[in-house]
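Structures follow.
In the two complexes below, subunit A is the common chain; its partner is subunit B in one and subunit C in the other.
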Partner chain A sequence: MNADFHYYATYCVAIIAGYSHEESQDIAYGSQFTDCCSRTYLEKIGGPVSAATTQLSLEMMEARGDIPTLNDITRIWASFHFLPGDLYAKRKWCTKRYLNRYRLICKPNGKLLTDTVELARGKGPQAAGIAMHIMADTWAHQNFAGIPSLVVNNTNYYFYEIVGEGEEAFERPVRFNHNPATKDDLEKGNYTNTVFQGIERSVMNLGHGRCGHLPDYSFARYRYMPAWANYKEIIKDNPSDYLHAFAQMVYALKCLRSENDRFETDTYDMEAIEPWKDRIWEILTRRQLDASKDWKDLGEELSGCKIEAFDRDKYYKEYMDAGGDDQDDTYLGKYILAALAQKSMVTNRIFSSGNLLAGFSIDYEKVGLKGIRDYYRLARKRGEGR
Partner chain B sequence: MTRLDRVLNFIRGIAQIIFAVLIFLDPDDGLVLVIYIIGIDMILRAFSNLTYYFTMARSMVGGRFALYRGIIYLDFGVFTVLTVDALTFYLILYIAVLSFITGAIAVMRAGEAKRAGSPQWRSLIAYGSVNLILVVLVLIGGLVLKRPFLAIDVYACTLIYSSILRIRSSFKESAIIYIK
Partner chain C sequence: MEVTIGMTDNSKEQVRYRRAQNLLIIVGKGMLMLALWNGIKTAGILILRKNQAMATLKSIPEIKEADLSDPMLYKIFIAIVVAYMAVIIGARLFAGICAIRTGMGKRHLLYIPLTFTLITYSMSEFWDALTYMVDGLDSSAGAVEQFTYTPAPVIMVIEFTSMIMMIELLVAAITVLWYRVKNRNSNKPKNPQVEARDMELTQESGITGE
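And then the complex of A and B:
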């Protein structure tokens, strides 16, 4: 998903869920910032680099192929963009090495999604924003994994786009090129994807790179054969998936407001979005590279307020002006803590399932302060809470 | 990383340093040694690819590439080991290309870091520039002045740098605290 959904549509979701304009903007900012909080940005603000929620393309190109680097990549992408659907998934006739990768495939409505939403409870709009980003991505990025893996994420020439709806619908083969400077051509069906790299752990094989930005476009419908599916075809219907994401996000944000409602998977607040369903569907199905304007118009109609354009550095000054421990009480400080908590939780769940692809997780209750120092902030914060 | 991974990583780092010092001290034999190592490395990669094909990639879309790559690596590896004397030219090119890719990525990263306001761009540009200067020296030394030993020295320096990173990562804390 792109900024149009992660920022403007998330704003609409928050308004429908009953949040104020200011709260909705903060939640939407937290959601979109998840695509901006890179190691490079954290170095700029002097923040803990372990809180990175994304990687710049050149950061990935520079990455070494050793185990700690691969663990780091997996922690970032599996925690924030490709939340694993079933860490205990079964599959016959495969090695443990393969199974560990297979279990990181992103799916909506996994147990980790409940953990993600519940982790955000009571932690402010930053954590809610992160949870909304992750939830939305479980729909868009499903069937790919947040780990560089050829055997999971590869696709091939068998790739068809379904254009139009109903009787007017037709299919055409998708033509991919590998030039990142080229814009996707929706009319001709030319899209950019990563180049085929036969090396299992190449970053070219991370996430949905091999099928380009198609999962990020709400209008896209396509069928293809994922590498992991034993030559079985998958039909991906983004408009329907995005609508489910929208309704599930409304439900989740309502849960976060309530003290009693525990988030449950596979629940969608279709009733709440009913008055705007046709309008939302129209935006979702319109063939355009960026739907920001449509979502912005809808959001402003819903709240009657003007939505600010997304500015990555909106809270930069507040963070830099706050000294020492006070930084933890700023917007960015709380965002960083929420990101560290999310990454720590997902790493723990993956590790506990017997899968070492995201690295080791150690229990604070049992061993105290050990491991990567950036995470000590979480313990410090917990101490304050007592 | 598991404890075994750390130990193996450390041993590989030390072995790389010893190997780099050896080729520094005796560049004549070092040249031959480097070509042997590259050849053996290709053969090992071939077996790794074939194992990968049979254990993971066999039922995957496009998985047969792993099989073809394994066979090609095996072919090149055996060819390299059997024709050591004729390969000096290719060795120089290989080392130059490796340094060029490393340098170019570092320079691009420096631009990206500078745009994002990260202070790290200075060290990146320095690292990238050194690599690109080495490419020029290797090519001039090897192809114009007919002195391939410079390429060997560059290769040894690269090995030492990579072994330092490897050893450092063996001791680095990598676990993550989880607080319920």
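And then the complex of A and C:
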């Protein structure tokens, strides 16, 4: 999903869920910041690079094809953008090597989603923001995996956009070009995607790169054949998926506010969004590359307050002015801890399922402090919390 | 907010149809590579194995020994060989392109009997290369020299592969054709590729339903 949903729509979700304007801003910031917190940014602020929640294009260009790099890529993308739906999925007539990749396919309402939301309980708006980002992306990015894999993520010529609604709906072939500088042309159905690379582990085959930005457009409906589907076609209905994501996020944030309600998958608070459902649907189905203005207008109507534009460096000074352990109490410090916790949890689940694609995971409570030094601060914080 | 959009059809038949279409595209591209291979093979033999070509001419009884020194004779020989290979290469290109277009939703039929002919050609090339290699192994004096005709094993492997490829192409082409004929008059929704192509053509020509 794009900034319009991760920031402004998440703000709307938080307001509907009963949070204040300031809390909603913080949650929305945390959600959108997940798309900005790269290794480069963390190096700039002097933070732990293992807390990276995304990778920039330039970082991807430098990525090698060796196993540690692939593990690093998988940890980031599977933990924050392509949460696996079922780490124990079964598939007939395939090797373990293929099955490991297949099990990383992102789907909504997986068990990991419950763990993600419950991990954010009591950890503040930063953790809630990360959880909302992940939840939203499970809907938008479903059927793709957060690992460079040709056999899972590839698409081909069989790609048709469904334009219009009801009786006026028709299908047209999607034309892809590989120039990232060109804008997607909604009128003619020309979109950009990554160039085909026949190498299994090429970064061109990461996530939904072969599909371009179509999964991130709320208006898009399209029919295609993913590589893992064995010549079965899938119709992706983004307006419906985004609406479900919105309703589920409202439910999740309400769960986080209450002490007793445990988050359950496949539950949507449609009642809460009913007064604004028509308006939301109108925003979701409008064919536009960026719906930020529409969501912002809705959010300001809901809260009666002005929503700040997203500024990546909003909390930069606070973090830089704090020293030593005090940094952990700043907004960015808490965000970093929440990101480390999320990445640690997902990597551990993937490793525990017998899948080494995210690398090894060490259980500190059993083995003691070993492995990546960045996680020591997380272990220390958890120790203090007891 | 009810939206009527196309339903997915993932029946076994439809999956088989899509698999056949995809195979047509892949094998069609392979045919284009084979056409390239034919061109490279011919050029290689004519340029690097000129002595071999001259030996072939010697075996024709009508050509006298004296005529072999005539450069025009060699040029005529080259022209005939090139013309012959151009037909083969053209046929492979045509079959490959038609297969790809059929896989993308267009309708072609001529490439199916053409592929049968190309299979026959491949079989003859394979047999020639095999007999040449066997003869080279059997001969006493000059066996090493004959056996150093290294393209023979390569030609055998490639022509065998091309035969398998063309048989796959035929199977896929017949599967696609059978499905399209079977569903021509049914009430099922048309193949979205064909529908989409018709929609494109309609829009381009400005024809409306009114």
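The rule we apply is simple: the second predicted complex is superposed on the first by the 386 of 386 C-alpha atoms of A that agree within 3 Å, B and C clash if a C-alpha of one lies under 4 Å from a C-alpha of the other, contacts with A are read in each partner's own complex, and residues count from 1 in each chain.
Methods note: a contact is a pair of C-beta atoms (placed from the backbone, for glycine too) under 8 Å apart; a residue touches a chain by one contact, two chains touch by 3 or more.
These numbers were taken from a predicted model, which means no experiment stands behind them.
Student: Consider subunit A as the common anchor and indicate whether subunit B and subunit C clash or fit when overlaid.
Tutor: The answer is fit.
Student: In degrees, to the nearest 10, note the angle that opens at the C-alpha centre of subunit A toward the centres of subunit B and subunit C.
Tutor: Computed from the C-alpha centres, it is 50 degrees.
Student: Could you tell me if A:166 is touching subunit B, subunit C, both of them or neither one (first, second, both, neither)?
Tutor: second
Student: Looking at the overlay, does A:268 come into contact with subunit B only (first), subunit C only (second), both, or neither?
Tutor: After superposing on A, A:268 lies clear of both subunit B and subunit C.
Student: Please indicate which partner A:276 is in contact with in the superposed arrangement: first for subunit B, second for subunit C, both, or neither.
Tutor: Neither: A:276 stays clear of subunit B and subunit C.
Student: Could you look at A:156 and tell me whether it touches subunit B, subunit C, both or neither (first, second, both, neither)?
Tutor: both
Student: Report the partner of subunit A that touches more of its residues: subunit B or subunit C.
Tutor: Ranking subunit B and subunit C by residues of subunit A touched puts B first.
Student: For A:230, decide between first (touching subunit B), second (touching subunit C), both and neither.
Tutor: A:230 contacts both subunit B and subunit C.
Student: State whether A:221 touches subunit B only (first), subunit C only (second), both chains, or neither.
Tutor: second
Student: Would you give the minimum C-alpha distance from subunit B to subunit C, in Å, for the three-chain superposition?
Tutor: When the complexes share the chain A frame, the smallest subunit B-subunit C C-alpha distance is 6 Å.
Student: Share the list of subunit A residues that count as touching for subunit B in one structure and for subunit C in the other.
Tutor: 156, 158, 225, 230-231
Student: For the complex, give me every residue of subunit A touching subunit C.
Tutor: 156-158, 160, 162, 165-167, 169-173, 221, 223, 225, 230-235, 237, 239-240, 277, 281
Student: Under the stated contact criterion, what part of subunit A meets subunit B in this complex?
Tutor: Touch list, subunit A to subunit B: 38, 40-41, 43-44, 50, 56, 58-59, 61-62, 64, 66-68, 71, 75, 94-95, 97-98, 150-151, 154-156, 158, 196, 198, 200, 225-228, 230-231, 341, 343-345, 347-348, 356, 359-365, 369-373, 375-376, 378-379, 382.
Student: Which residues of subunit B touch subunit A in the complex?
Tutor: On the subunit B side, the touching residues are 1-2, 5, 9, 52, 55-57, 59-63, 65-66, 69, 105-106, 108-109, 112-113, 116-120, 165-166, 169, 172-180.
Student: Of all residues in subunit C, which touch subunit A in the complex?
Tutor: Subunit C reaches subunit A through residues 1-10, 15, 18-19, 22, 25, 104, 192-193, 195-197, 199-200.
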